[in-house]
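Working notes for the structure below.
The letters A, B, C, D, E and F name the chains in turn, as written, and every chain counts its residues from 1.
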Amino acid sequence: MFSVCVRSHVMIAHSFRGELFGPAQKLHGATYVVDVEFRRSELGPEGVVVDIGRASKALEALLSELNFKNLDDETAFAGKNTTTEYLSAVVFERMRARIASGELGSGSDRLESLKVTLHESHVAWAAFEGRIAENG
Amino acid sequence: MFSVCVRSHVMIAHSFRGELFGPAQKLHGATYVVDVEFRRSELGPEGVVVDIGRASKALEALLSELNFKNLDDETAFAGKNTTTEYLSAVVFERMRARIASGELGSGSDRLESLKVTLHESHVAWAAFEGRIAENG
Amino acid sequence: MFSVCVRSHVMIAHSFRGELFGPAQKLHGATYVVDVEFRRSELGPEGVVVDIGRASKALEALLSELNFKNLDDETAFAGKNTTTEYLSAVVFERMRARIASGELGSGSDRLESLKVTLHESHVAWAAFEGRIAENG
Amino acid sequence: MFSVCVRSHVMIAHSFRGELFGPAQKLHGATYVVDVEFRRSELGPEGVVVDIGRASKALEALLSELNFKNLDDETAFAGKNTTTEYLSAVVFERMRARIASGELGSGSDRLESLKVTLHESHVAWAAFEGRIAENG
Amino acid sequence: MFSVCVRSHVMIAHSFRGELFGPAQKLHGATYVVDVEFRRSELGPEGVVVDIGRASKALEALLSELNFKNLDDETAFAGKNTTTEYLSAVVFERMRARIASGELGSGSDRLESLKVTLHESHVAWAAFEGRIAENG
Amino acid sequence: MFSVCVRSHVMIAHSFRGELFGPAQKLHGATYVVDVEFRRSELGPEGVVVDIGRASKALEALLSELNFKNLDDETAFAGKNTTTEYLSAVVFERMRARIASGELGSGSDRLESLKVTLHESHVAWAAFEGRIAENG
């Protein structure tokens, strides 16, 4: 299995509901360093898993929808705790949709799975990985 | 699959038996930077894989059993080479026992697998990963 | 010159005023990975720059004043942009005050300077360094 | 599953063919920080996945075949784009051959799979992972 | 003293002349992860050392002059070994010129010094630091 | 000012004397990731601060004197706490002696200062920096 991973970051505000979260129930924020790993069994004719330029642009576009926002105000997340693991799945789904739309270019329909990791500090991170349905 | 990972560290002394180990047969030591990754297919109602506060405390408690010790003197490791890979499995088993005891709180019975990575330097690390039996 | 550095982190929300900041004028947040470096020309009798246990506790206590807060609501920062560089100086001043109070224990009056670095992402960080007045 | 990983690096020149690559169609170069992860279900009698000394030497020997070269001039890569993902598979195959030759010593016939990761910068990396045929 | 640092990277080919360089006398290449640290004694009215957006853009523009090139073909470096330390000074001089041109915007005339670090691998890096003449 | 830095590591056992050290009074150990930074105002004719090959070999030789040892048994450290900051100065002095002996080759008499950093974990490190007397 081949994989290619690109890294970017996003800075957001949010708060959590539930005693579990202690002081994180108050409005605070995070930098998430975001890694998106694209996986495929065979390389395309150019020798790549995906066009890394298009993949990076797609990640920037995707993250710009979240960047510099208070996630508590986003209707997309109403009633949800925007935990690091939850946001990992959000980035996964949005990248999957961009792949399905053809935004990542020729050969991206051969991508099989994705892993999205969000690093919230030097001592904690979360991830979501799954198959891309059409190739599942 | 969702995952959450927490990082801590431990500083121990030990020696190895076997020509394979060359100069590491002498008493020396290591800092292990320890990553424990908790995995689960679905998030709980709060949107988390595990209560990261409890997970971190469990890891600190677990590592305090090893920290600042000469592992050559520990009866738990009698007759064993406490290699980085062996210790990864020790941390795995001890964390699994803490999960089984309920120490990680509500929902931790839904955890499915763990991966423990011990970084012994900037150029070498080892890991053990496996399922948590009850969910296997 | 000897130095010892300890690392921790803090997660906050805030917004900036000024066209310079573009989209960061909106409420957002950050994880700051915080390094505090303590410097001294000669080691004390135990062979240390400072009691690293006390230094780490002081850093945790200091950061807990900021952690999980919306800095826009803090009177201490009224009228200020809480930029990464500004917050570096805030941590510097608050650590200097804790040193002056004796909180870091015996020998900490021999500390000469501090450098505080706040990492806001994998691609940007800021720092403030300066002398501790009494030893200036 | 146990794993052990060793890290080294290699510095090469190359160019790519295909519009996809934009300015990277010109002769340029890269440092690849190379991680090779060796995996095995059970530890050997010494408590190791593989003799890490021999594994490191094998990696150095393998990388010295590529180091300080213009890959465009290597007959082994004629007609190929030596992308990061392609080179990950090259390192995988060459390490697999070294394992098969017995170069990694006693017990290395029990290795089951390998993962090779090449980091091309702080924001991009690629990997190839697969089973070692004899144990597949 | 305040500082702000931004990170980017560049991928080049080159060769060295001199027995000192051993196999690096052959055409090879490198990824340089480039950190540029901007320093200033007092913050400007917005609370920043420099407009980090403009600083990042200037760094990207500067590095694009070198990126994906064979430095052996650049007339700017004729007769020079483009070592990591030499290139650190090149980036320093070119960033200083961009600052002098006003490209970094209001307040950048208050910058006092720069430190440029080029990381060539996980085990080696080089740097050049110096004052900006007008503020020297 | 130019600088070049090389990284290696060493794994030792030791214990500390003094209540200050709490549980670290017991025999334990550490991995130190060791950075040695060589500094010089002007580059030599080849465009380097120091022959990085010789510098790396000197660092390996120096660290092999400490590696896989129980520092409590070393007469060189009798009556000393081998703290991270103390060991930083030890590495500094031993590297300075190797430079003075000519071991780093032509031009190394132009080196002006050194900074030695020992990373003991992902959250703590210590350093010693100073001038090389002959160039002081």
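Keep in mind that, in the parts below, a residue touches a chain if its C-beta (ideal position, glycine included) is under 8 Å from a C-beta of that chain, and two chains touch if they have at least 3 such contacts.
Because the structure is predicted, anything quoted here is derived from the model rather than measured.
Which is it for copies chain E and chain F: same residues on both faces, with over half shared, or different residues?
Looking at both copies, the contact residues mostly diverge.
Report the chain whose mean Cα position is at the greatest distance from that of chain C.
D
Between B-F and C-E, which chain pair shares more contacting C-beta pairs?
The greater number of contacts lies at B-F.
For chain A and chain F, let me know how many angstrom lie between their CA-based centres, rounded off.
41
From the mean C-alpha coordinate of chain D to that of chain F, what's the distance rounded to whole Å?
Centres of chain D and chain F (C-alpha means) sit 31 Å apart.
Between chain A and chain D, what's the gap in Å when you average each chain's C-alpha atoms?
27
Indicate the residues of chain E shared as contacts by at least two other chains.
Only 7, 122-123 qualify.
Residue numbers of chain F touching chain E in their complex, please.
Going through chain F, the ones touching chain E are 1-8, 43, 46-49, 51-53.
Give the list of chain A residues in touch with chain B in this complex.
Touching chain B: residues 16, 18, 20-22, 80-86, 88-89, 122-130 of chain A.
Under the stated contact criterion, what part of chain E meets chain D in this complex?
My answer: residues 7, 9, 11-14, 23-24, 26-33, 67-70, 120-123.
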